[in-house]
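Before anything else, here is the set of structures, which you'll find just below.
Look at the two complexes coming up: chain A is in both, with chain B in one and chain C in the other.
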Partner chain A sequence: MLNSLPLYLNGVWVTVQITVAGAALALALSFAAGLLGSARRRWIRAIGRVYTEFFRGVAALVLMYWLFYALPYVGFRLDPMFAAILALGLNVGAYGGEVVRGAVNAVPRAQIEATTALNMGYVQRMRLVVIPQAWAAMLPPMGNLLIELMKGSAVVGLITVSDLTFVVRQQWSSGGDTLVVWGLALLFYFLIAQALLLGVRYLERRANARLGRGPAFRAAPEPAAASAGGSGR
Partner chain B sequence: MSWDWDYALSALPILLQGLQLTVIATIGGYVLAIVLGLVVALVRRLAPRWAGTGVYWVMEFIRSTPLLVQLFVLYFGLPVFGIVLPPMVVGIIGLGLHYAAYTAEVYRSGIEAVPRGQWEAATALNLPTRRVWTGVVLPQAIPKVIPALGNYLISMFKDTPLLLAIGVVELLNSAYRHSARTFEDPFELMTMVGLLFLAVSIPSAIFIRHLERRYAAV
Partner chain C sequence: MQQSDPHDQPAAEPADGSDDAYIRFEQVVKRYGDNVVLDHLDFRVAEGERVTLIGPSGSGKTTILRLLMTLEKANGGVIWVNGDSLSHMRRGGKLVPADEKHLRSVRSSIGMVFQQFNLFPNMTVRRNITEAPVHVLGVSQDEADQRAGELLELVGLAEKIDAHPTQLSGGQQQRVAIARALAMRPKVLLLDEVTSALDPELVAGVLDVLRNIATTTDITMLCVTHEMSFARDVSHRVLMFDQGRIVEEGPPAQIFSEPREERTRSFLQAVLED
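On to the complex of A and B.
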């Protein structure tokens, strides 16, 4: 049991890699889709809508199978790891787009009017006023999506990526005790999820502290130290 | 290569058979999820605190581990205890259990959204606990959560392809097996599978949005 631990940890590492890369792709796509979806012009909003509806409608596994098994026949052979990340990112990004759109639209109207009064352009308004407020609102649902993505990554073994589930399955078929081996799989996934949630909670506290809400983010206990070092933000 | 309509259409009956199993698994799993979810939500409210906390952590565990692994655990683990079930039944149980952890939260939010005054009125009228729940709280809580429950129906529909891992020949698996059997390349079939999924899930999503407008969502 103990000497196969490195194998499990290897699987955990692959799962974490896919989760992080998929989340990065999903986050970028969420912002793209969400900002397009909250635009003023109707046809720009339509682009965001089409992406969202399409990739929310197809199951991630179907998309993965399509990318991995079907696409080679029209001349594109993807690395399985890349296909996995792409499918998960595109799928979760579609859900994330709705989160971003909702959070951006929920920023109070007066804030937007104030930016107009201050003669800010679109980029300034988004970067300095809208996104920091929307970010705090979108983090909790984004955290849920991150867990969904991590759980969704368990299917990548079906397109030959050797993630945690794949490793566990191999260990099981080479004679590991059924309950122990699969119990370990559940435990590892649970721990990964709790670690990810801890990270998201940290980001939530930071985002709220930046807006001056909630319990202060304790980086510098004494105000006297603030002028010397700079807080690094 | 080019898109071969004849081949795509000739395989359609097989895909539709797969879709049928997909729909059966979805409905079976969903019925289990909405019943079990309500039971869990009620246990968390009514049972003693330690039991509620225990149930909470079990649900948290189910929610933060992958459905695929849970399916494997059920499919390979139950025979250890002498329970051997066909893959489809295991699939339905797996889907139902997994989604019960989500629907329980939905019911909880619906129950919490029932105004305090309603509870106080029920107490003032000296209604027995059973009447409070069946006559006052649930009839108000459940309509509010219908759209949220509907969203999980669509999510579950899109999770059914996972059942292929335990050997259920649902839509995706039927395409995969058909192309393996006929030695034809799977491009048309896989694309058709994607389109069939869209054909079901986009209209359902529109329908759910209609429900959301109809019942004020929580």
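On to the complex of A and C.
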């Protein structure tokens, strides 16, 4: 058992790599699709919707097969790891786009009006006000998607990537104790998920602190109207 | 607080009938569905003039400010700001619908303070005041910081520069919102019921700040308020609205002491009894 630990850890490392890279791609696509989807012009929103609806409606595994086995027939041979990351990123990014769109649309209209009153353009409004406020609302559902992506990576062995599940299946088929090898698989996936959730919770705490939420931010009562400004200054 | 009577030195004559109006509404109509909020409204405001809009809820006062700030679009008529229309612009000798660039150029001379403050919760007080000058006006961060300090001094909150909006009372938040609007150096300041959301004991502080700004600057002010003594103190002119029309207008002394219209009398009586 101890002899094969490096193999397991290697599998864990591959799973972590796919999860992190897939999540980075999914996050970028989520923002692209979500911002397109919350645009004012209908045709821009339509671009976001086409991506979201297509990749939400396609099984990640089928997409992975298509990228790895079918694409070579039209002259594109993808590295299996890259195909896995691309399939998972495209799939989860479609769900993430809806999270971003929902969170952006949930930023109060009064905040948008304040940016107009300060004459901010679209990019300034989004970068300085809307996205920083929407980010805190996005994080909990994004955390769920991250875990889904990590668990969804358990099928990448089917396109020859030696991730954790791939290693476990190998160990099992070469005589490993069923209870032990699959028990280890459960344990490792659980630990990876916990590590990811810890990271997400840290980001949530930071995002909430930036919005002035949490124990450190309590409004001090104003000492009557005494400190009212202007007096001769 | 400077004690001079603002009526002693009006920055401009009332704009009625004059051609040098900084803001001009021409036959402006605003509807929400079947509800006509502004009914072919005409009025002018001169540069430096301080005009208070009074009237019952739903009479269209706030809509006027929102139209000027381009938060709403008129259904008819034309609104002019310093000679530029909010609905159209000139391109190649032709009048075409105003685009965002044109609106941003017109908007650059207008600032607004909202009833609910609308400070950005993701920023400290300092950033609330400096972000727009830095990113919109292209002012350096050092200059914006210095100006933020001066403005916070003006509104009596210099020590709160690194506080978070959630750590401030409503009155303090509103004073920061005033500083934020002034940081953009607007020529026109729109004040939309800026004390209505405040606890009564915090109202005086905000009004003191506005009185100070009114008496020490030549900024044009359009103010929607139910604070009649404030309106009397700072305005050059008061407009009484009802059902999307101006019922009566005149200098505050006349409107508050000798209103000509029965509607104005009944409104003032109701407000002052409140």
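Going forward, the second predicted complex is superposed on the first by the 214 of 233 C-alpha atoms of A that agree within 3 Å, B and C clash if a C-alpha of one lies under 4 Å from a C-alpha of the other, contacts with A are read in each partner's own complex, and residues count from 1 in each chain.
FYI, a residue touches a chain if its C-beta (ideal position, glycine included) is under 8 Å from a C-beta of that chain, and two chains touch if they have at least 3 such contacts.
Given the structure is predicted, the values throughout are model-derived calculations rather than measurements.
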{"item": "First, second, both or neither for A:13, with chain B first and chain C second", "value": "neither"}
{"item": "First (chain B), second (chain C), both or neither touched by A:129", "value": "second"}
{"item": "Partner chain(s) touched by A:202 [first = chain B, second = chain C, both, neither]", "value": "neither"}
{"item": "Partner chain in contact with A:58 - chain B first, chain C second, else both or neither", "value": "first"}
{"item": "Touching residues (chain side chain B, partner chain A) in the complex", "value": "1, 61, 63-70, 72-73, 76-77, 80, 158-162, 164-165, 172, 176, 185-187, 189-191, 193-194, 197-198, 201-202, 205"}
{"item": "Partner chain B, residues of chain A touching it in the complex", "value": "53-54, 56-63, 65-66, 69-71, 73-74, 147, 150-155, 158, 165, 168-169, 172, 178-179, 182-183, 185-186, 189-190, 193-194, 197"}
{"item": "Chain A-touching residues of chain C, taken from the complex the two chains share", "value": "1-2, 69-71, 100, 104, 107-108, 110-112, 114, 116, 118-123, 131-132, 135-136, 153-157, 164-172, 175, 180-181, 184, 201-206, 208-209, 211-213"}
{"item": "Contact footprint of chain C on chain A as seen in their complex", "value": "110-111, 113-114, 116-121, 124, 128-129, 132-133, 210-213, 217-222, 224-225, 227-233"}
